[in-house]
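Encoded as structure tokens, here's the structure I'll be asking about.
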Amino acid sequence: MPQNPFFWWAGLITALLLAPLLPGVINKTKACFVGRQGPSLLQPYYNLHKLFRKDCIRSSTSCGPLAWAPGLELSALLLALLFLPYANQLSPFAFTGDAFLFAYLLGLGRFALVIGAMDTGSSFEGMGASREVQFAALTEGAFFAVIGFLAFASRSLNLSEMLSCPLPANVPTVIAAVILAAGIAFIVMLVENSRVPFDDPETHLELTMIHEAMILDYSGPDLGFILYSAALKLWLMTALVVLMLLPGDLASAPVLFILHLLGVLLGGIVIGAVEAVSARFRFLKLPQFLLGALCTALIALALTVIGTGGGR
Amino acid sequence: MLLSALSCFILFAAVLFLLFFGAVWSWFSRRRPERAKWLGALSAMLGCCAGTVLALPAAAQWVPAQHFAFLGLHWQIDALAGFFMLPVLLLGLAAAGHSLGYLQGHGGQRQGTYWFFFNLTLLAMLLVCAAATYIELLLAWELMGVMSFALVAFSFQEQETRHAAWVYLLACHAGAVFLILMFVLAGNPNPGYAGTAVACGLLGFGLKAGFPILHVWLPEAHPAAPAPVSAIMSAAMLNLGIYGILRFLPPVSPGLLGWLLLGLGLSGALLGIVLALAQVNLKRLLAYSSIENMGIAFLGLGLGFLGLSQQNAAMAVCGLGGGLLHLWNHALLKGTLFLLAGAVFKSTGTLIIDKMGGLGKDLPVSKNLFIANAAALSGLPPGNAFLSEIMIYLAAFQGVLSGNHVILAAAIIAAVGLALSGGLAAAAFCKASAAVFLGAARNPRNHEPHPECRLMLGPELFLSLLALASVIFAPWLWENILPGVLQQSPLIGGGSWPLSAEHGSQTLSAVRNFSFAIIALIAVLGFLRHRQLRRKVLDTGCTWDCGYALPTARMQYTGTAFTQPLSDYFRLTLGRHRSTVPVQGYFPQEAAVHITASDPGDRLVWHPLSRFTARIADKTRRIQSGYLHLYILMILIALIAMLIYAVASSLPPAAAPEPALPAAGQLHQNAAPLQP
Amino acid sequence: MFTVLKARLKQGYRTGKFPPAPPNLPEKFQGRPALAASQCRQGCRACLEVCPSAAIVPSEGRPARIDTGRCLFCGECAAVCPGEAIRFDPAEYRLSAFSRQGLLDPQQDSVPPAALQKLCRRSLSIRQVSAGGCAACELDFNVLNTLAWDLSRFGISVTASPRHADCLLITGPVSRNMLIGLQKTYAAMPRPKWVIACGACAISGGIYRDSSECCGGMEEIIKPDLYIPGCPPHPASILDGLLRLLGRDRDAGPAPLPPKS
Amino acid sequence: MTATTLTINNATAAPLQEVPSLPVNDFRDTLQELVQQQEHRVSAFFGLPASPAGRGLELVAVLSHPEAGKCELVRTAVQDSFPSLTPDCPAFHWFERELAEQYCLEIPGHPWLKPIRFQPPLPGACSRKTATAPNLTVGDTNYFTLAGEACHEVAVGPVHAGVIEPGHFRFQCLGEDVYSLEISLGYQHRGLEKMLPGGPDRRTLPLIATASGDSSIASTTAYAQLCESLDPGLQPESGALLLRGIAAELERLANHVGDLGALAGDVAFLTTAAFCGRLRGEFLNMTAEICGNRFGRNLVCPGGVNMTFTPAQAGKILAWLQRVLPEVENALELMFESATVLDRFEGTGTVSKAAALELGLVGPAARACGVALDLRHSHPYGCYKVSAPALAAGTSGDVLARAWLRRQEIAASAAWLQKQLAGWQKENCRHRGTPRLAPGMIAVSMVEAWRGEMCHVAVTAADGTFRRYKIVDPSFHNWFGLAMAMRGEQISHFPICNKSFNLSYCGHDL
């Protein structure tokens, strides 16, 4: 596969610039599904523009974390962005084991958000934080099983190679396994980004929200940081799923760049469609669901092992 | 800076002398608390500093391994011993400093007593590391157990503490019994006993290191002891169990050992953290987290031994190295956290998480240190524990790539388990940091919280800086220290090929660089935010309370509530017990909910066992008729039975009665929790 | 998924054409009231006597004026007027004003706050607080979020937390019991922040202006930046007011007509 | 039993003198007997001051039987205290709390005697107590709390997340588990009951219409019926009665469709939520087509209706209805076919039939528990004397039952409406009059609002003005039912439980 670092950098900059577009795409899709015009595609940009110009209100209960949590979350996500192989170009920052750093950086962002939420001493934020750590802990297993599958399929421990290596396309079980694993990654993405059916970013009901409940007390630029981080995370995880499905030897770098970009936007449309057609689950049922996801990821791995005749 | 053998010996003797002398002198001056305190603390600190000068070069292999006889016994200080001595010494130094603050207000003879046992415990731990043969090990081991027992029982006025101390003493002795057995059996030329010897060794050392099910003493003893002592026990003394395994376990195939440690590690890691989640006592939570982290270390070692058995160098190095590195990282972080828990206790007078809240405003530095260390211990970058966890992940994924289906399955389960325990650890530590330091104070305190004590802050900062330093120096540690340390273990060093530090060092440096990138980015973003807000008027308002007129501190999540969904999910493991006065009728007047979590080790193994033995004992009481001639008859019957057995199996009769001992040990241990 | 798509086809695209097309108002809609001075009989107080909320303000020498900030749009005055001087324009839904004076006389109205137009033109977050309302204003404001009106297409959203809000929209006459909650909500909003009074109650206390349990509207508590009259205001009136506040007059359609004299 | 009560029909009046005034003990025994043995409902129970300033308070109880179609009236005179009936008949608990608050009456034996509206005492309250009445801070009361360090409270409101009215909910929780919910209202209290005596005047009709803005038709109908029963000269013609019925059913349709949409929205089922949100507007617009106001504010008036309604208009609305109803059916079908939605609804927020009976729940909330309670059938009034929409029923008492019941009622009302509109003949039914009320009377008017039984009681003074005007909104009976539905639930289910009841804050607070 020809390497062209230009396209990786282009991919990174696109991610930074276009991330807020993705929630716009999702909302537009949802609007289409119900037959309304809906907010502009650029609405998230308008919101960010406004928020960075507003003042902040500090909670008098806070003893610090509320102020630094948004910055910490954003830094964690910015760093995590460096490990994806945009347009199937190997990341210049890649190293053996970066997949784990990637996963744990997402964890760091979450930790920051949860500590920030608990800093307010509000029961809603406590509720959101409690749910966030619960589902994150249970998703972690499924995510690592997916990474295990990718590592085995690509024979590499570096996220760039895992996601961009050409697959043995002649083995049907491996193809099936890739699709299965991408499905699990998609579910992980929905959970991590607090989307329906796991969380509902739309209903403004404190008692049922997860992510939204945790950010009730942020205002102005801090809220802007958080919303931008959320958009970045959504882009990041969607790109991960897209790259899993995009074979690296398919085309030349410019074509792959376009494909990966279109793929992410298509991902937004798919998320919008899922949100439009399903109701949100009971919280009590989610753990079983996530456990099922973990098992499915392990099945994907087993399929690959069988498909490739058990290693080299 | 090579130290000659002689200077090594002198230094070793000096350390022992300083600790011993300090101990004895503060004991004799216990009627003058001030003098006893400073004598004990200074000698402990000096001893630890001197010890570091001895242990660090040994661990780094700047000096060759030293053997010497002292007090008529044989001692050795090599890389392995040095590596395990370092946490003892550094933690000893920090804990001694912290104790000065922690024990303020303890007058009378307590200071002298405390420092006597404190110094001797340190001494015994150093001796355990330096023991060259079984005899020295057993002596030092027993000394360590008894001395630390006295420290655990320091607040003996409280019933809970007395109970914890007795359980601890029984566990120590049961462990010692297993070790004696191991040495007896290992010395036996009959190959049939080798397996039993290994089993006894694992049981004996595992009791100290907190193997699952054998861990039950740990969450009792650690919270009962004074905070600096808990720090030493949790951070340094647990390690010695692993040290014992690496150094003294009879030869065993690496494959078998690998599978055992993998299984124990995985179950320990998950069990430990699930139990930690449900705890309401801060130190108990930390103690269970120690079980989890020991589990992670075992997991790494297990993967490493599996790698050894598979001749998979990358897996072996990453696993073994990662396991050892994790012990080191855990020691620094958990040490700090226990010391901080001590500071919290001093400030509030309680350890019950659900009673606290809002301490961050009274103890700002402690709050920041606690959150940082808690995040690091959850394995989050840029903390140091992430470096060791990523090595263990690498080992597991080397196993995934190895092509062997069985190893693959085990490795993927290990990786998923590790990920799950990481997520749960983050939940547990969010709970601990948030419910203690953040939000508003839940209970109106009956006294003003004490301001932060500098004497306690110093050691906490010192250990935190060491943790940060170990991020910086991790690649160096990996390349220059760990291979040498591992070579010293008879279980590993005997391998046919050298351990190369090449595997993983690139990853470690990359992670280190990214860790600093995170810190730099946070600083940049913080600066940007500051600039953005500089020109604006910052309002302060109460947390959004839905416009309610009279919000109270009860309207925030408690620690138990925070983890309630997860604890409910693991309720089968936790055995959570809700005692409720139910909400009844349309207009209930009173209702209450109290939740307690019981340890499955206690609940499923030790309690049934102790009930069983108590029943047996009850039945056998009939034999105790009190008539002398009946006893003589029984002795006669026993002798004849033994004679028949000895003749029939043509074995040395001495071995036969031995197995009765562990049963007795267990019996005592089990009976203990039933005491009122 | 397919049932949803099928249902979607059946339901069709439903976002209304208003704005910029004029809204679909019912035939009997009671829009802006106007009092034709030429037809008003001197000394006749019929309308003053039936008006439940004292919305008709008599003045010496000049014809009486109708205060839309108090008017309940019940039409009693028009029904009793012997000279048929009072007429509620069934097409004039554009009632909002930016000052209290503007409700009495649209020509004396002030301009919307420029800072708001600069900052929130395309993104406005509203925190609604209901302070003693009868739920009708709330319901008709909620209607704007449905398909037919689709507030979101203008970048206007309703938020849960006042920390995220730019604008406080009040309905109801501000009951004494709700005063603390209202003030706390306003204090919880980050600056710059604005206030909208929606409905006769919020503007002047409406029918509850004499109640001892109410504060008689927002005027005395936090001065609103936008007044939307009506009891309750028609969704079209609310949307029109919001768009004018944002300076999106082109979206909002032609300017309100000056009252016929 | 000799005449211990006065029995009258719904929407009729009787001289106050004829209502038996019993000693307190007999009064209590009578009420207990009627409620416990004869399955009567407490429709209203309120204080009637002897004079605005002087001492002396009468308590008047209005009981109704769900089948007999009559109202039982009985009264008693009390001094400072009235022993609580609540321990034996929980249905009285909220009324007694109201009495204690409005008239500073001591209610010994009441287990939860706390303010319900945080309102100052009404004129005529025991003057000795009025002087010492505490200066209330709204929401400040001794909430029931759960003991245990791990337990915590979740306090929601008065300012809720959405565009909803204010109220304060206090959950006693441990994590996600709710052990108890206590509801503290009063934020919408506008002093309505204080403003009504002395009427009817020009303010009365708008005030009644805003008692609960989403039930304007029902409130104004109840008020009009009261006036008509007190003024024999003010009799509406049948066309006006039918138009009131048509408007009332349109109000029911709009709110039920809106509620189902809101329920879908709370489980994030986007499509039904969006469709129903729009369709609700269609029904409101139909009402506006009839009278110019989307909430039917100025349609009903004493003596008839305020608007003309021609066969052409009826035809237009019928066509409109026939266009919209299949869309409603389609949107609801989508929701009730979705497994994920049904999973959220089923078994959530269950209220038992026994609790519904004991607490005196009304309307869809009661019908969903299997309590067949519908004034259009049991106490027919107005056009319902001729025909009424079919009675809907549920059994399980959970969110699903309440949602399903609404769907049934939508179908029943739609069928009834279509029939009435198709048969509309009258050219002009507009008729209005000025009420001149008979003095010294008591009148009871109960209508089935879309939330359930709404009871207005008026007592006239010697000069033909209102001496006391009592409004009992259906929400007044049902709020406590919501609290019961949340016992032992997950806190994340509160929004759908709340929406499935969809109670009025302002109707309760007045």
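By letter and in written order, the chains are A, B, C and D; residue numbering begins at 1 in each of them.
Note that a contact is a pair of C-beta atoms (placed from the backbone, for glycine too) under 8 Å apart; a residue touches a chain by one contact, two chains touch by 3 or more.
The structure presented is a predicted model; accordingly, all values stated were derived computationally and were not measured.
Legend note: the chain whose CA centroid lies nearest the centroid of all displayed protein CA atoms is A. Each chain gets a centre from the mean of its Cα atoms; for chain A and chain C, those two points are 42 Å apart. Separating the centre of chain A from that of chain D, both taken as means of CA atoms, is a distance of 48 Å. With centres defined as mean CA coordinates, chain D is found 28 Å away from chain C.
Distance from the chain B centre to the chain D centre is 64 Å, each centre being the mean of its Cα atoms. Of all residues in chain A, those touching 2 or more other chains are 33-36, 55-57, 123, 127, 130, 204-206, 216-217, 220, 276-277, 283, listed in ascending order.
The set of chain D residues touching two or more other chains comprises 137-138, 152-156, 158-159, 161-162, 166, 175-176, 271, 274-275. For chain B, the set of residues touching two or more other chains reads 536-537, 539, 541-542, 544-549, 555-557, 561-565. Chain-to-chain contact here is organised exhaustively, every possible pair of chains being in touch. Remark: chain A residues 27, 31, 33-40, 43, 46-47, 49-50, 53-57, 204-206, 212, 216-220, 223, 273, 276-277 touch chain C in the complex.
Those residues of chain B whose C-beta lies close enough to touch chain D in the complex are 280, 352, 354-355, 545-552, 554-565, 568, 581, 583, 586-595. Interface of chain A with chain B (complex): residues 52, 55-65, 67-68, 70-72, 74-76, 78-79, 95-98, 100-101, 103-105, 107-108, 110-111, 114-115, 118-123, 125-127, 129-131, 133-134, 136-141, 143-145, 147-148, 151-152, 155, 157, 216-217, 220-222, 225, 283, 287, 294, 298, 301, 305, 310-312.
Listing the residues of chain C that touch chain D in their complex gives 3-4, 7-8, 10-11, 14, 24, 26-30, 49-53, 72-76, 128-143, 145-148, 158, 160-162, 172-173, 175-178, 180-181, 184-185, 207-208, 210-214, 231-232, 234.
On chain D, the positions that touch chain C within their shared complex are 117-120, 137-138, 158-159, 161-166, 186-192, 194-195, 202-203, 205-207, 210-214, 216, 258, 271, 274-275, 277-278, 280-281, 284-285, 288-295, 297-298, 307, 327, 330-331, 333-334, 337, 504-506, 509.
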